[in-house]
Structure formats: structure tokens, C-alpha cells
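Structure incoming, see below.
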Amino acid sequence: MTEGHASPVRASLTEGPIDTAAATDAVAGATCGAVVVFLGNVRNHHGGRTVTELAYSAYRPMAQARLEQIVTELEGAATGLRVAIVHRLGVVPIGEASVVIAVASPHRQAAYEASRTALERLKREVPIWKRETYDDGSATWREEEALAPA
Amino acid sequence: MTEGHASPVRASLTEGPIDTAAATDAVAGATCGAVVVFLGNVRNHHGGRTVTELAYSAYRPMAQARLEQIVTELEGAATGLRVAIVHRLGVVPIGEASVVIAVASPHRQAAYEASRTALERLKREVPIWKRETYDDGSATWREEEALAPA
Amino acid sequence: MQIRVLAFATAADVIGKEPVEIDLEAGATVDSLGASLCQQFPALEPIWPRLAVAVDGEVVRGSRTLEADAEVALLPPVSGGSIVRDARP
Amino acid sequence: MQIRVLAFATAADVIGKEPVEIDLEAGATVDSLGASLCQQFPALEPIWPRLAVAVDGEVVRGSRTLEADAEVALLPPVSGGSIVRDARP
């Protein structure tokens, strides 16, 4: 399925900054012409309010299993496609990435589509929650809200 | 248009390896939740033949102007959107990127769409040509052919 | 039997981040666990209908019978919506 | 008048990568430049219909009149198709 390439980062949860280059390298290879990397960066505003801090928490074993399932299913649905998803947990400073999705494919169309599908499934299916703290000191768990609403 | 951020890499042509992180940093900012980075990597095969070398040549002043035009038009069409396009010229080793397109946006949908539009316009409108050398020593200019055909 | 309950996000704000041990009769269901929890933590009651419940990592229905030593997780809606609603069947 | 012609990709394989200076009568068009070039480089003839022609960086039609000292570029189709066909009007 992955054409013999070792993929050290397929699905992972990490407390520190996400190594985007490592996630990209994990999927890219000489047979893949197109690599699409999505970074979900923490923003300094939400719904008109100023966000000072974001923190993510997860039900880790289930989140890990569901991330791996998403990767496996996407890779199984298209020839030569490779996917890596890394989600950061804990406090993520403004401007840094909370999630990175790297997809490599022989075909750019498939790479873009798998990237979007991975992101939508991540947001719906993986037990990870986001807590926003605002400049007035209040905080709330964001529920049923897009990572980056369209 | 770019919300006051300096963008040192908006559109550029380079003879050396593309600095993907620099292109990403050039567009990402605290207001942008979604960053989509496309890498067009040189593949080791094309139409069943083994590719040993790829080289890109450009009509540089016109290519530069058209890249800048694509960036300017995409940024002008969506609020808060920022785009950087870097294309490599000369010989590009197998597995390395010939083009990197980085798009940042407050909204992920707009980021994905601008990334794809930038890529399609780049392939149609910018005078850059690709020369493939095969393992039998023959070589050809690829014309009317996708960078990574879908 | 002892059931270990983990809570996250808004549910953790009510019952705490540390696992809670609940004593239930044999044959108790997820729904009856919910009733016990809402009695012990009244602030959980308005939240309960929006929670997905996972048993040993699998999202289950309220009618699911619990086994002794099961790990039950209370999962509020995630950013893209409710896990229970959107999980594949 | 002197016209400076740059060629790329397949066109450069025929007339070379270095600029070629072509002497044309005043009022000559892109089409008449093409005729002169194809006479001087017969291998250009089968390629010419597929080339876009840029004058000072702008893609122009064959009927375009050339000015003295113009820089003309011969642009074969790019990876996504012909530049002349796909350039905005």
C-alpha cells in the first residue's frame, strides 16, 4: 500500500511543536509527484473575540486509533496515496500549528481530495477538544465548530 | 491586502532547492487559521518510462511577471488570503520539489481553492518548460502535459 | 460491579479530569450509568444528552450492557460535530 | 530594422538558446517574422503553428506589427497547454 516506504509518522499526537518537515518527508517519495500539506494554525480571534490561548485535550487511545483508521482508509482507497496526520495537544501558542496533514500522491487531484477528507474526518470523528481562552480571562470549550470555519 | 505582513517570497524563480518553510512562513500569520502548501515533486517515472533527470527553463522576466500577477489576483479575490509561489529552474533531482505553492487564509476552503487555482494557472500561463531525460539517454520537452496528471 | 468513567472537555469540567469509579449492579446499561452519574453530579444532567459514550474505545448506544471493569469515556461534541452522530455505524 | 528573437524549449532546440538578430523591413508583422525565421531555420516550420509569440513580454497575435528593437520570444506550449490559447484576452 505504501510501496515499501517506511512511514514513521502516520498518525500521532504530540505535546510539542509539530515537525511539519518530518510529516512531509514521511509521505513524500520519488514516486509521488504531488504533496499537499495542510496546517491548521491557532488564530488570535474567533467570532469577533480575541483569543489569548488555545489548549487541546484528547481521549488519547481512542484518538490515536481513529487517526490511524483515517490514514489506513484513505491510503487504501487510492493507489500510491500516503497520508500522515499529526495533532498537537496541550497549549498551542497563537500562530503555531495545532494539526498538520501531509498527503502525497502520484496525482495532484487525489492529494488535494484526500487532504480535505482527512481534515473533515479528523474534525468529526476524533475525540480531541479545543478550549479557548479570551482576553477578558473567560474560557470555553469549542463544540460543533469548525477548526477554521468556511 | 496582506494585512501589513511583509511577504519576502510572493513569487520567485530559483536555481537551488526551494525553501518550503520560508514560503510557508511568508504567508502564515496569526490571523490565518488554514495554510495549504502544495509541493510538486519530480518523479522517477512518466508514462511508463524511467526518468533520470528533469530540467526546467523559463522566459524569466515574463515568468516572474505572470507569477506575480497570479499571486496579486488571487490575494485580491479573497479577504485575508496570502499566496506565495516558488518555482525552481535548472536540473531538479528526483524527489525534490520543482514548485511550491503556499496559501494562507482565515478559512480552509478558500485556502484549498486558491492553492488549486494557483497550480492550474501556473501550468497554463507561466512560460516555464520541463525537459525529461530517460534511462535510455533520450530526452524530450514535455508539452501540454500536466505537472502531475490527474 | 465497578465501572471506571473518564470525562473530557465540558464533561470533565463537571466530574473532573481524574477517572471516577462508579458502583453499578450487574447488567447495568450505559443509560443506567448515566442516571447514576447525573444523580451524583447534577450539573451533568443538561450535558448528558449531547455526550457520546465510548466503552473500551468504541462508541455505543445507551442500551448497551456494561461489563465489569469496563472503561467508559464521556465524549462531548468535537469541533466538527457530535462523535456519536457522525461515527460510522 | 533589427528584431531580437529569443527561443525556448523545442524552439531553442532549433534556433539555439542565444538570441538571434533578424533584419526585417519596417512595418513587418509577427507573421512575416515567422516566415523569415522558417526560411532561415527550416526545422522551425512544423513547430511554428504551436508557438505563442510574446513581444516585450506580452503575448500577441500574428498580425501584430513589430517595432524596431522589439524583443520577441518564441514560447512553445507549457505543461498545462498552449500559452497563446490559455492566456487571458
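Quick notes on this structure:
Note that the chains take the letters A, B, C and D in the order they are written out, and that residue 1 is the start of every chain.
Just so we're on the same page, a contact is a pair of C-beta atoms (placed from the backbone, for glycine too) under 8 Å apart; a residue touches a chain by one contact, two chains touch by 3 or more.
It should be emphasised that the depicted structure is a prediction, and the values quoted were computed from it without experimental measurement.
Traced through touching neighbours, the fewest hops from subunit B to subunit D number 1. If each chain is reduced to the centroid of its CA atoms, subunit C and subunit D end up 73 Å from each other.
Separation between the centroids of subunit A and subunit C, computed from CA atoms only, is 26 Å. In terms of their C-alpha centroids, the spacing between subunit B and subunit C amounts to 48 Å. Of all residues in subunit C, none touches 2 or more other chains.
The multi-chain contact residues of subunit B, meaning those touching 2 or more other chains, are 146-147.
Of all possible chain pairings, those that touch are A-B, A-C, B-D. Those residues of subunit A that touch subunit C in the complex are listed here as 57-59, 61-62, 65, 120, 122-131, 141-147. Against subunit B, in their complex, subunit A makes its touches with residues 20-21, 24, 28-45, 94-95, 97, 104-112, 115-116, 119, 146-150.
The touching residues of subunit D, counted against subunit B in their complex, run 6, 8-10, 12-13, 50, 54, 57, 73, 75-83, 86-88.
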